[in-house]
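So, here come the structures, one by one.
Next, two complexes with chain A in common: one pairs it with chain B, the other with chain C.
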Partner chain A sequence: MTGLFSEVFLSALLFGAVTAAIPLLLAGLGEQMSEKAGVLNIGIEGMMLAGAYLGFVGAFYSGSLWLGFLTGAAGGVAVALIMALLCVRIGLNQIVIGIALTLGLEGLTALLHHFQFSRSYPRLPAADATVIPLLSDIPVVGPAFFKHHLIVYLAVALVFGMGYLYRRTQLGLNLQAAGDKPAALDVAGIDVIRTRTIAVLTTGALAGLGGAFLANVGAGLFIPFITNGAGFLGIVLAMLARGRPVWVLFGALLFGVCLSLTTAMQVAGINIPTDVIQMLPFLAVMIMLVLFGRRASLPAALGIPYERGAR
Partner chain B sequence: MSGSSSSSVAGRDIVALEGVTKRFPGIVANDSVDLSIRPGEVHVLLGENGAGKSTLIGMLSGLQQPDEGRILVDGKPTPITSPRHALALGIGTVFQHMMLVPTLTVAENLLLGGPWWQRPRTEELEARVAEITRSLGITVKLHAKVSELSLGEQQQVEILRAMVRNSRLLILDESTSMLTPKGIDELGALMRRLVEQGLAIVFITHKLKEAAAFGDRISVLKLGRKVGEIPPERFRALGEQAIISEIVELMFGKQKDDPEAVERPVRTVRAEAAPLLQVADLAVAPTDNAPGLSSISFDIRPGEILGIAGIDGNGQKQLAEALAGQRAATSGSVRLEGIAIEALSVGERRRRGLRYLTDDRLGEGTVGTFPVSINFFLKQVGAAPFWRHGVEQRGEIDERAAQLVREYDVRTPSLKTPVARLSGGNIQKVLLARELAEGAKVVIFNKPTYGLDLANTLASRQRIRDTAARGLAVLLISTDLEELLSMCDRVAVIANGAIVGTVENTDDARTRIGRLMIGLAA
Partner chain C sequence: MSIDTAPTTSAAALDATSAAATRRDILHRLLMTLGPILIALVIAGCILLAVGVDPLAYYGFVLEKGLFSPLGIQQTLTRMAPLLFLAAGLIVAFRAGMWNLGGDGQFLLGAVTAAASAPVLVQIMPSWLALTFSFLIAMAVAMIWSLVPALLRAYQGVNEIITTLMMTFLGTSLANVLVKLVFRDPSTTVPQTRTLPVEDRLPRLFETTITSGLLLGLAAIIIVHLVMTRTAFGLKLRIVGANPRAAVHAGLGVSGLTVTVFAISAGLAGLAGAVDIIGVQGNVRADWNPAYGLAVIPAVFLARMNGFAAIGFVFLLSVLSIGGESAARRLGVPNHFTLVLVSIVLIVLALAEYVDHRYNQSRKA
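Up next is the complex of A and B:
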């Protein structure tokens, strides 16, 4: 039990929390953008899986993590393209299509992985950390927060970029109008379908990137169903964040701590059945939903396909 | 009040419609409509609900495309392909339903529509808005959230938005429907200032007084057709009263070769018979989206048809629902055969013989996915002999349903067909069969022929006449004056939730009802 409170343990726990939080953050930010524009993107789990698989394959064959991130994002965009076509352009039911995409991608990535690697699970070399001078020397906090791969810092910076986008730019206004009152955007002369398509594709890119991070940095390998609900946690985060990116960050970190605790407690050899420990993150979700779910405010036109002139 | 400034700037049409026709499945919304819209003029489009006003606006604002005919902008035929295109042509529309994003501020709403890669040009907007509001004498809170503004303020924002975009033509769709009387006067003054600046305005309304007070030119639409126009010269020559009576003639006047014209059969209602339905001082509190009722009093004797006339949305639905028990009354009494029923439930009122045929045939009247047979007995679910111990008695139901289908001539492929697949006329027959079945004493018909084709309209009317002939009391709510005049013994006029007068259906009833409808004494 003493190990639980040691400095090393604590910074390892927090380090793991950040690593676990980044995919959730990217998924949450992506989902937030879709939802802002009025598209409930349940297919995000599938987009993450596509990102994880293609991201891993890209990094594995090229030897470059960055190329892996790129192929991962492209994989997410490819799935998002189907979603945009079916749900935004044709106006099919977003929930049905979202579930179908997730289930389809679960099977497809598992199948492709099996063809390619049979039953072996090759590993990628550990990701290079970008050590921030001075800050990384702070005890506990330093090694936990300032010795990560560069993309971690970029992901956190993206939170503020998104905040700026929503509050200060024309595109931000258009996105919010597309979700809250698409008809108003349409008569203002902006194509609602196009605006929503941009949002869904961006979601795909972010979710794909999140998936690639999960596989390449978080795990260092790809196994089928590796996302294990990370996309769905992203949906929860987006709903609880009430349109504010910084709340997605806080939520992602909280879930990250829970996920990291799961590993840490197993490592620390605490005498609780592992099944119980593994329930922790999902318990946290439920507690958060009970505490804050009531106040979740969703765009008025969320989930409703836009059709011009329909009343 | 009509403008004197018009003649100087008037002349060429900014926008003109030539023989524009628009069809939707089952109806012709606009039937070869011609319209000329000129700068410096408030062009009023007048017509009742369903007259085709909104479709016309949809085509001018690029939401819909005409099936036939053409739209000329500055004299050149120009298909208006999208809302963006309409804006580029200088056509700005203030829709009946607010088109502002409630979660954004006024300024952000005004900025919507800029190129997405740009930063919103807030300073530029503020200067432009200051300039426009000064010239129009209005104030706008730029940094307030739209959801915090009153409806009148929101409307000013929408007008302002059209101005910020350099509109030459401003379309106001039913803009007064949600405003207070003061707000309506302010809007009228604002429109006057706008046309004085050389703008063209199309002002859509169904209120005659507003049309006469604010317009320079009036076009009257009726069932998709333009039935008349009063040009500015005539408008100025006539007084307000003369204009109103001319419009009444256009809107409610009898058309020649009207296929629906039926000579009203002389029915003798025994004056000495005790009234079947007595309503005294019935009142209903207004809600957010519906007007209240006040001082509603009338009697209906056996065999009598009492009509309720009025412009749609003046409390007709509330009246029907209050009588049927679906809407709580705040005071007043309703007596059926002399027994007070105002405290009884919907079901109990029905059992005692009060029947209500809703105008919402598919929403409230039937369950669309249920078969025709079950829809006949929706209001008796669980009751013997069609249900026993909670179990549906298929045989009993089908037998009786088949009988009703024959009796009421319901054209359905089978008893099992989901009722929503039937035509409006046949759904109405199902409702008629259900409500007129055994035990009916007083029947309320709410817009019984609305949306039906001619054959079904005539059949429904005959059914209603037969109902009265059987000695039942009938309350017939309709927005179709012809219908009321062809069927009723007396017609009461409802306006703003109150009965403003009751007229015996004699030869001069048409003009007397028309005058009551627009707020003049009969």
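Up next is the complex of A and C:
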């Protein structure tokens, strides 16, 4: 078994899968929080693009990846701020504003890229990995999972952090209530608007970070429309996960493997259109839904703006 | 004396006031649409200034190329055809409370089937019959494509936003696979389907380059509007949309209606793809995805799912996109700016509606 299924190939494949999964994971975790709080955040694709662009700009001019992640997250928050203002505070239609933000950021980042980078297409140097001792010596699995940039481990740790937040903390319960029965939360003396705003801004930060990771670590450069539907995948993951962060992780890895497989097939020169492989994760999920499709447990007040005293 | 004249004068006055009221209402609507668009143009103009382009020159160019030049307006009207079909499909779904966000996948599959069937069919039958058949096939394929989300929603309660979104990703890839592997034109090097000869495409209107698909699109959206607002069937769908549980208690077969709504909505999206191919493009190139659906969704919302208002918004979208494409070529502003412009227009329109609503409420109170 040389060539296609060699050890090196396999670990490269898995390495790529993790790299591809992290942006989806961050977007999915972010979307999950918004949805828990009752805000259907369709603008997440736009937030990721803002994060990807600003993250790249930050990393490119400062030379520091961490600063890039910071500016990326800030970019996501900036877009989320608009969303929070329009959809949470004054209650405009979340689908209209979400799609408008996505379109706008697609255009804006492509425009800025055109004037700034389209002649040179600058690249960032490869991200330096944090090698975990001992574990990284395991054949195949070691190089695939334990030689990533530090932020990858942090993102995975965040999954468990989120789980703790939702189950064990006051804020987590508030978020849940804001999505299920906002009026009850209001009666309990907690500001629904504030709770939802926190959720949307967190989504922005996570999506922005995911975008920045995609541009800085995944690709090493920014190109227009780089997210290519990753935000929408995040929405799908969040909805499939039914409020459990761990399921977002599993889902992200599944999609990551398929994305990585696409690249690997191109490298290996196998002559199947990449579209076939790109269809796999969706097919898998659709089949799962058809076979086990139960009522998705979405928050009751998802997508409905909260207005005190309204019936 | 005063007793005799009082009723007639008041009736006349009432009549006059109601006429004035309707006139004021129309004027108000017009102001509430044009005002925000102007504001949006100013905001977008600031972005243009920031990147060093003269906004007036840009807008002048967009207006000239999208609206006032004979060729431009013809292109604009041609662009409207698929968008009108998509909007019609969305109106049905949204009024029935179903979020069909899978328009792009349904559109592309419709386009690919039309592109695959039309060049073959025109060789064996008269072209009007062939085009009719490929329209029907495109519609049928899109309908079948929507069956999975429809059945899942109707019988399992699976949220249709996820399923239609996933089906749109699947559909986009599947359309590409079909173009590259199955329906590929063997005589060209670039992967694309066989080209439908220009003389077999939908006829142009009169002496212009406007596709007659425009008339089909207008007919589709007006019929949809009338069906939704004037018929018992439309009322049923609106009840399902307003309150599915109440609809069950009213004795409506909600599951069946759900599947019907998805079929109509997807069928219209498939027709949108077909009308774009049979009327304008002639073939489908690999990786072709105009992503019309994403821009039409918010437009339909802003039109409050009203067919006639949607025609207006679709016209606006077409002017902006055609004008933007020309301006991109001439002024060196990338086409992407159109996306920014559309986005700002949508947001400001939504905001204006909110402000107007608030103002009315405070006046009533």
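Note that in this section the second predicted complex is superposed on the first by the 286 of 311 C-alpha atoms of A that agree within 3 Å, B and C clash if a C-alpha of one lies under 4 Å from a C-alpha of the other, contacts with A are read in each partner's own complex, and residues count from 1 in each chain.
One rule holds in what follows: contacts are C-beta pairs under 8 Å (C-beta built on N, C-alpha and C of every residue); 3 or more make two chains touch, one makes a residue touch a chain.
All of these numbers come straight from a predicted model, not from anything done at the bench.
When the two structures are aligned on the shared chain, A:Gly229 is found in touch with chain C, with no touch to chain B. Of the two partner chains, chain B is the only one that A:Asn174 touches; chain C does not reach it. Of the two partners chain B and chain C, more chain A residues are in touch with C. Of the two partner chains placed by superposition, only chain B is touched by A:Arg308; chain C is not.
Applying the stated contact rule after C-alpha superposition, one finds that A:Ile99 touches chain C and leaves chain B untouched. Once the two complexes are overlaid on the shared chain, A:Ala157 sits clear of chain B and of chain C alike.
Legend: residue contacts after superposition of the two complexes on their common chain; A:Leu185 is shown touching chain B, with no touch to chain C. No residue of chain A is contacted both by chain B in one complex and by chain C in the other.
Across the complex, chain C is touched by residues 40, 86, 90-93, 95-97, 99-108, 110-112, 114-115, 224, 229, 232-233, 235-236, 239-240, 273, 275-276, 278-279, 282-283, 285-286, 289-290, 293-296, 298 of chain A. Contact residues on chain B toward chain A in their complex (touch as defined above): 58, 61, 63-64, 82-84, 87-88, 93, 95, 97, 99-104, 108-109, 111-120.
Remark: chain C residues 47, 51-52, 99, 148, 152, 156-159, 161-163, 165-167, 169-170, 173-174, 176-177, 180-181, 294-295, 297-298, 301-302, 333-334, 336-344, 346-347, 350-351, 354 touch chain A in the complex.
Per the touch definition, chain A reaches chain B in the complex via residues 168-171, 173-174, 176-177, 180-181, 183-191, 300, 308-309.
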